[in-house]
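In structure tokens below, several structures.
Both complexes below contain chain A, partnered by chain B and then by chain C.
Right after this comes the complex of A and B.
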């Protein structure tokens, strides 16, 4: 009987560990939605790639409001999902409340690097380095000496993008005029292409002939208006060059897909801690394909690739907006 | 000259931004003057924006898109009419329901139809409303002829020519339609028998009924006009200002239009003034992020919030008094 008991116990333990090993990862998208052609879509692409290659499955949910964040985290944790991958800085507060309650679950968060919990993998990106490179390209492509930046919601992360961009543009042409606008201060600013269009028109009338949109769905309007008015635009996060072939100079790539893919591949023993993916790790970069090849001259490419190497080697340092909440090259 | 050019550009942007507000505001005007409160303007615009973009993308004709947008908006209007006229439900609740319905349905249908994540494909060519260039106005053709950008040609033009080219010319045809609707609405409401009855049904439906005119018929007519105008507003957003539908692209414009309606105290000419004012506030906020007035910096958020602040001030009765149509919000029950 005791033998039976221990056998059963062992079997149960094996079944439990097997269950744990087979735990599905879960993916929580941010408010922009799974198909924002940008940040969240990159995460979706990374997860789909993992699912295709391994035949694994994962659970996912799109956030509709701020209030759902903590609820979704707890749901997935209770259901045994591991790791739970979350997108966006908005997850920082819910995670700091939830992570401690589920010590056996590993949480992964993209775009947050400042939390303190043992079961947390925090992945940040050196967006300022990638933005620096596209800023250089903008300044080299500009004929008017004015380039524009259009951000989505006015949050430090977006200022971080704009700050790197302005530094890159000024590295090429110290006299260059960088016009920067934010779409708004509420989450609606991520999905207002009409306002994005008007901002683009306003920047064009101030002389801008290259605009960089770091604005989620609002960026669709920016890229559209730039194409309509015959100026160049720069996409963000995912490769957006194909949206208007020949009109999008390049896209600042943020390899969110790689971060998600890596976390899912590692499964429930994914390494925890803070990871920053910069140029050296190919976490950020600029997009080149057939759609923008005619726009980027060999000189431009050579200069940008040299700057990339210089940043990796530490010969050029790009100031991060986070360092002291201000930007040396741009006034917001 | 430079300051003047900037001013003209801001006013030009004002017209573009005010147009959807104006159309939605006039839509609300008809409905509310007939005693049917409508907070579903936002939802109707959104639905129309989606269907106009979707049909324009599929057929390649923006005019078919416009018709589809109007039809979609009319369906929601009919729903609102059913709930609040025929079944005498609460008009506010029905309006809220329409907003939610539109917000969810547009993305759902878009996703199953186009599989592009709740958007429509980008429109091009005949699928979009082209801007109407007036004769002798500076436009893209001159830029091509001279090989210089339009902005450079604009800055060299003389003042009347500049106003003509930048401010009056170069808008989508729907913009001119919207502004022509203002005198038309005034004429219909205040100079026709239909208008008199429509206003009366919003003030005292019992009297209209006694005179042997159908209250229900009049209210349905008003709600239908509201649907048509919201349809045009939505189509303008998706096929003239933008080249396709993006989820939630109305971004609260239906509510600002409602605010403008209250601000205008339910009068057509004042509605135009209110919409232009709110459009101007948005345009200024977009053009100048922070305004420096001799040491005092006005942050952009203040400009964004001003339409709502002004409406609250009006509602609170500090500047005149906003009295809604007397029978507004109340379903009409025939005495028996």
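Right after this comes the complex of A and C.
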């Protein structure tokens, strides 16, 4: 009884405070935390942009443990939050267990596309397409014929980034040597700039003169060392060109912020289904601004834009690592 | 003669330490502009105010009982096993293999087999550092820490390359079959009209943890092996003089310790997640050190300390859900409790001892 009472109490309290206003959205960050300079922070940026523009409020929680995933989903759903936006592939399994229990709540999940539930909006990104474009730029900017890739934690998602990058580089120069390293095998690999710096130095000694970091907070160390050692680097997720003006060739954009912003703007009648945001939807792309304009020649830009159009039109296909858990252009 | 009565050592010191930690946490919460009374209220009602809250508190506590006992057993032999984390990870691998690759007719048989698998894998992971310590004198603190990293890398390899189902992008095994799902508190204690522990992960392995507490107590204080472990822990030279082999005791104590840490996996892997994920232990192996310190390496103390840490975890989750207190601050609160109850023990003990001595002189 006590449980039911407290649940009813909680529901009543929420109903009172919410009044006639629309249901409040909720945002659940992954274990990396709100300020990871990358994936989760992009979600935070999207949410704060929505809050600033509309004056709306939202609930949020940063995960601390695996058991909290399902707990947070249920608690927010019972408190009437709608939609509930979640980040990362770790939410896939809890969502498949929880979503059916709350048919009136819409759940949004970023980086998951393989679930089946009517009240679920799944947003994936074609990271391999964006990585393909920056891979081309890396190969064109490289003078040594060797380019590097530094991943965060060794999980399929990051291999997916690396695979697109290698394909892009090889499309420009079939002879190019792509050096790939992962930072680690624990979640600490997402936030280890020192290791990122060491790996960059190791890749430079192997001849790399452009490195692409797909490693969350670790990438900060990669970009720093590349700038110090006078080679070019490529940022990821957000536009990181400004971190070292004139030293960062470009950034592979993954618009997580747009996905979150869109879901919050649509509110509780957000459209459900599977949405893959690729080049055509501007979900991924490469960043151009004043900081990297001198680095990108007109030829380079023309070639990349042509490839972009070719991929959208279907004339060029970038193989996804997920298709058969292997990469045609790179061995991990 | 003892400086102060036993009850003061067992009850008064932890309570005062806890009070100090609470006061300091309250100041920190005040400093960031939140209401500390409201925060404490949220934590207590969230963790202990409903069967739902208890379901989470006891779930976390079950993990900490196992890892706390693991550290405690090693402590008795004066071995500092920091490798509970890695041993619990490997225990998870053992559980996953038992649950996935064998067709079990009923959860009870599967639980026994999974517990054996978890204990075996955990003990095996502790065996190498134990051997290196016993035969080569490589310090157990260093080797067990290093083995945590090796365990993480090994688990990553197994999950990304071997055990991940085709097509899934999540580095985790498939779900365990229905037959090996352990009964949760909800299914054990709910009646048709009164559902308790709804959705909480606490499960039958809590009782296995209680059994483990009794077993460890019996082992340490009621068996010859336990006597040898304690004797070795108090004085190695004395133990050798009494004919106790340091090599044997080191290895046996570490094997038991590793097995207990591995056993944690029946709770978090088999009971809660029902599949093996990369981050399944989430630091419980390290919390076990604090739990064993606070529980004075006694199973009953470990049990109480584990409940306290379970409360801190679940209460912290409720704080994160309903306030804007950032998650880092919740870790600070948890750390303050560890600091006061574990590391700053003497800060409370010494003045108390003086006080008791003064009182005794006064009455004499």
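Brief remarks on what is shown
Convention: the second predicted complex is superposed on the first by the 311 of 332 C-alpha atoms of A that agree within 3 Å, B and C clash if a C-alpha of one lies under 4 Å from a C-alpha of the other, contacts with A are read in each partner's own complex, and residues count from 1 in each chain.
Simple rule for what comes next: a contact is a pair of C-beta atoms (placed from the backbone, for glycine too) under 8 Å apart; a residue touches a chain by one contact, two chains touch by 3 or more.
All values reported here derive from a predicted model rather than from experimental measurement.
Overlaying the two complexes via chain A brings chain B and chain C into a clash.
When the two structures are aligned on the shared chain, A:185 is found in touch with chain B and with chain C. Judged by the touch definition given at the top, the superposed model places A:133 against neither chain B nor chain C. When both complexes are overlaid on chain A, the residue A:37 reaches chain B alone and has no touch with chain C.
Using the contact criterion defined above for the overlaid structures, shared-chain residue A:201 touches chain B, although it does not reach chain C. In the superposed model, A:62 makes contact with chain C only, not with chain B. Look at A:75: by the touch rule set out above, it reaches chain C but stays clear of chain B. Contacts of A:325 after superposition: chain C is touched, whereas chain B is not reached.
Once the two complexes are laid over each other on the shared chain, residue contacts for A:220 go to chain B alone; chain C is not touched. Stretch 310-318 is the one among 184-192, 310-318 or 328-336 where chain B clashes with chain C after the superposition on chain A.
Overlap of the chain B and chain C interfaces on chain A: residues 33, 185.
Residues 5-6, 9, 13, 16-17, 111, 116-119, 122, 149, 151, 237, 241-244, 246-249, 251-252, 282-283, 286-287, 289, 300-301, 304 of chain B are the ones touching chain A in the complex. Put simply, chain C touches chain A in their complex at residues 45, 49-52, 56, 59-60, 149, 152-153, 155-157, 160, 164, 166-172, 175, 194-199, 201, 268, 272-273, 275, 277-280, 282, 313, 316-317, 320-321, 326-327, 330-331.
Against chain B, the residues of chain A that register as touching in their complex are 33-37, 41, 180-182, 184-185, 188, 191-195, 197-199, 201-202, 204-205, 207, 217, 220-221, 224, 228, 230, 243, 332.
Interface residues of chain A, counted against chain C in their complex, comprise 1-4, 6, 31, 33, 59, 61-62, 64-68, 70-72, 74-76, 89-90, 92-93, 114, 153-157, 160, 185-187, 322, 325.
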